[in-house]
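Shared chain: chain A. Partners: chain B in the first complex, chain C in the second.
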Partner chain A sequence: MKCIKCGEKAVIHLRQHNTLALCKEDFLAWVPEQTQRFIEKYRMFGRDDRALVAVSGGKDSLSLWDILWRLGYSTTGLYIGLGIDGGIGYSDTSLKMCEKFAAERGLQLQVVDAPAEYGGTIPELSESTHRGRKKPCAVCGLVKRHIMNRAAREGGYDVLVTGHNLDDEASILMANTLNWISGYLLRQWPVLEAGPGGLVRKAKPLCRLYERDMAAYALLRGIEYVYEECPYSHGSKSLFYKEMLNRLEAERPGAKMSFYVAFLEAKEQGLFASSTDPALERLHNCPSCGQPTTAPGGCAFCRMLAKAV
Partner chain B sequence: MKCIKCGEKAVIHLRQHNTLALCKEDFLAWVPEQTQRFIEKYRMFGRDDRALVAVSGGKDSLSLWDILWRLGYSTTGLYIGLGIDGGIGYSDTSLKMCEKFAAERGLQLQVVDAPAEYGGTIPELSESTHRGRKKPCAVCGLVKRHIMNRAAREGGYDVLVTGHNLDDEASILMANTLNWISGYLLRQWPVLEAGPGGLVRKAKPLCRLYERDMAAYALLRGIEYVYEECPYSHGSKSLFYKEMLNRLEAERPGAKMSFYVAFLEAKEQGLFASSTDPALERLHNCPSCGQPTTAPGGCAFCRMLAKAV
Partner chain C sequence: MSVKLVLREQEFEVKPGMTLRHSLEKIDVLPEAVLAIRDGEMITEDEILHDGEVVRLVAVISGG
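What follows is the complex of A and B.
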């Protein structure tokens, strides 16, 4: 198979785009072009905005940071230490990957150490709040959302950027759809505008790029990243939905993309009663930590911490 | 496992309802009770309405007819001969099952013979319109919808009733959702009101009962039905979605039900911009056959027939 741009030997065939096959060089140009296209299409942020890029050390977030850097955006990385070991030193390795990445490109990396700030690693916080009855994923999400918004706000960033790819978004959409959770369906979009209570604008520039293609980008670009998945991800709901969508994709190439893109289009064309979740209007500062919440009392993060003490 | 109603040995465990296990007698009472509950909940039809029940000879439609008859509704059956043989005399066997069923209960069965009326069996009509490039399912759906509405209208029935079960509805919903087809999502509901152009009210009283449970009902009630699936159903889209949902159900009992029921609830709570498909307002009589259509020229059925000549 030949590259449709230059005729050289193709290294990748993007089946979701029918006949699109590209050589290494053209693929490495295509991914940033696509990213730029979606940043503009969904008005995520502009050249004058300061972006805080949440990086985990994985292929998606590091590739995203690389792409934004190449596209000339003003970026700082944010690494959140979660204290997850899992026998492989998961968090430590992840931090080192991020530090190496930033140093090689002369980029700034902000590190927030959750265990030091909140008196426990994610597994410990989860254990003391849920007493082993639940996986730590819920607590982990809560801590990361809290820290990401706080860091972006305190640092005066215009936008918080995450590496969610199309597989992540399609999996979230599948979960929201199988349960028809109205608020989440109304809220899901490539960009979430800043809101009351200090909610910082969030953007997902990779939301229309396949996970497989992001892995190929990282490999071909020579980005070193943590191959290991989080040791707690096994059996997670998001993996369950991803596998479901991958089976669908195997039977019908492009099905995963059209599920997500058709959703975005239906939304733009007014399928839903509201263009965003009306609950977001109720956002206000948590009286305890000051971060945005829709809960009338303290926010979920503070309630979790109170239980953990 | 014991029947939760009488304590006798249970013959069925309805896993989607957690601990619900029932003996034969209580299960045979439970299915009609549930059907009645949903007829009322979705205001499908009342005791004074005359219902035309579309029967194929399969377990769902014959069970539905049996249930409506037991519940005391005024029903007539409608069998549509499609001329499908598939080496097993599929259509002939189906008709015999329906005739036997009706005769045993003293019920009236109207038979419409599509090949006699339109000059060709479904496979023939499909062959001459699509020249073998497509399965006959599209043509079959078109012919059945045309005949069902015409028969209900000409016979002065208040409602046309079909045997779609929860698996059918969830599969349709999955197809509509994976492609986010707004019109179909807005239209999908246990009952479709009568509309302009002579559209007869349609109702699906089994829409919240599992296919597996309807098979159990038919068996336990001693209803003879055609076991064979339509010979053309192999590899169909609806089977593909059913299998996808069955895998989901196997991992999470009740997932199929909650997918459909949560959709109905989200709709009732105003998730969508409209409570039905706005395109239905454009319904009018086809200038050629007089049946309802939203197409500006002739209806899809007449266009298909014109191609087939």
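What follows is the complex of A and C.
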């Protein structure tokens, strides 16, 4: 197969775009071009904005940081230490990958260590709060969302960006559609505006790029990333939905993209009539930590921590 | 006469002369879920795999 741009040997065929096959050089130019296109299309952020990039040490977030750096955006990385070992030193390895990446490019990396700040690793907090004892993913998500919002607020950043790719978004959409979770469907969008009470603006610049393409980008750019899965992700719903969507994709190239993009287009055309999110109207500041929450009284994070003591 | 495909700790052997896509079908691995590396180069699914070659498959799915 030949690169459709230069005729050299292609290294990747992007079947979702029919005949699009690219050589290494043209693929490494195509990914940032596409990212820039979607940053503009969804009005995510501009050249003067300061972006905080949440990095986990995985292929998506490090590739995103690399792309934004290549595109000339002003970025700082945020790494959240979760204290997950799983017999493979998962969190330690992740941090090292992020530090190496930042050092090689002269970028600034902010590190927040959750166990040091909140008195327990994610598995410990999960155990002691009885919130998903065997599966700490719910606690992990809660802690990460809390810290990301706090760090972006305190640092005065204009936007918090995450490395969610199209497969992540399509699998979330699949889960929310199968259960018709209207609140989540209403909120799912490539960019979420800042909300009352200090809810920071969030953007997902990779939301239109396939997971496979992001892995290819990381490999071809020589980005070292954590290849191993989080030890707790085995059997997770998101992996299940991703696999299901890939089976569909194998039979119908472009099916994942069409599922997600048609959803976005339907929203733009008013499929979800409500223009105001009822959850946003309930937002107030948690009396304990000051972060925005829709829960009556204290936020879910502070209630979780209170149980851990 | 075989081609070796390596995915994480698993090794698979397939007959030479098939395309990568066909070889992946034989071992029940979705082409959408992996990237293939041969001699340090990423290859597309239409590439024919030859006798004695070793192809490293990189799983692309992450999440949790």
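The rule is simple: the second predicted complex is superposed on the first by the 303 of 309 C-alpha atoms of A that agree within 3 Å, B and C clash if a C-alpha of one lies under 4 Å from a C-alpha of the other, contacts with A are read in each partner's own complex, and residues count from 1 in each chain.
Here is the rule we use: a contact is a pair of C-beta atoms (placed from the backbone, for glycine too) under 8 Å apart; a residue touches a chain by one contact, two chains touch by 3 or more.
Worth saying up front: this structure is predicted, and the values here are computed from it rather than measured.
Contacts of A:Phe272 after superposition: chain B is touched, whereas chain C is not reached. Once the two complexes are overlaid on the shared chain, A:Arg201 sits clear of chain B and of chain C alike. When both complexes are overlaid on chain A, the residue A:His146 reaches neither chain B nor chain C. In the superposition on chain A, A:Ser233 contacts chain C only, with no contact to chain B.
By the touch criterion defined above, A:Trp180 reaches chain B but does not reach chain C.
Of the two partner chains, chain B is the only one touched by A:Phe259; chain C is not.
Judged by the number of chain A residues each one touches, C leads among chain B and chain C.
Shared-chain residue A:Glu251: touches chain B; no touch with chain C. Chain A uses residues 247 to touch chain B in one structure and chain C in the other.
Within the complex formed with chain A, the residues of chain C that make contact are 30-33, 35, 37, 41-47, 58-64. Remark: chain B residues 177-182, 185-186, 240, 244, 247-248, 251, 255, 258-259, 262-263, 265-266, 269-273 touch chain A in the complex. On the side of chain A, the complex with chain C involves touching residues 1, 10-13, 21, 24, 58-60, 137, 167-168, 171, 211-212, 214-216, 219-220, 227, 229-230, 232-233, 236, 238-239, 242-243, 246-247, 249-250.
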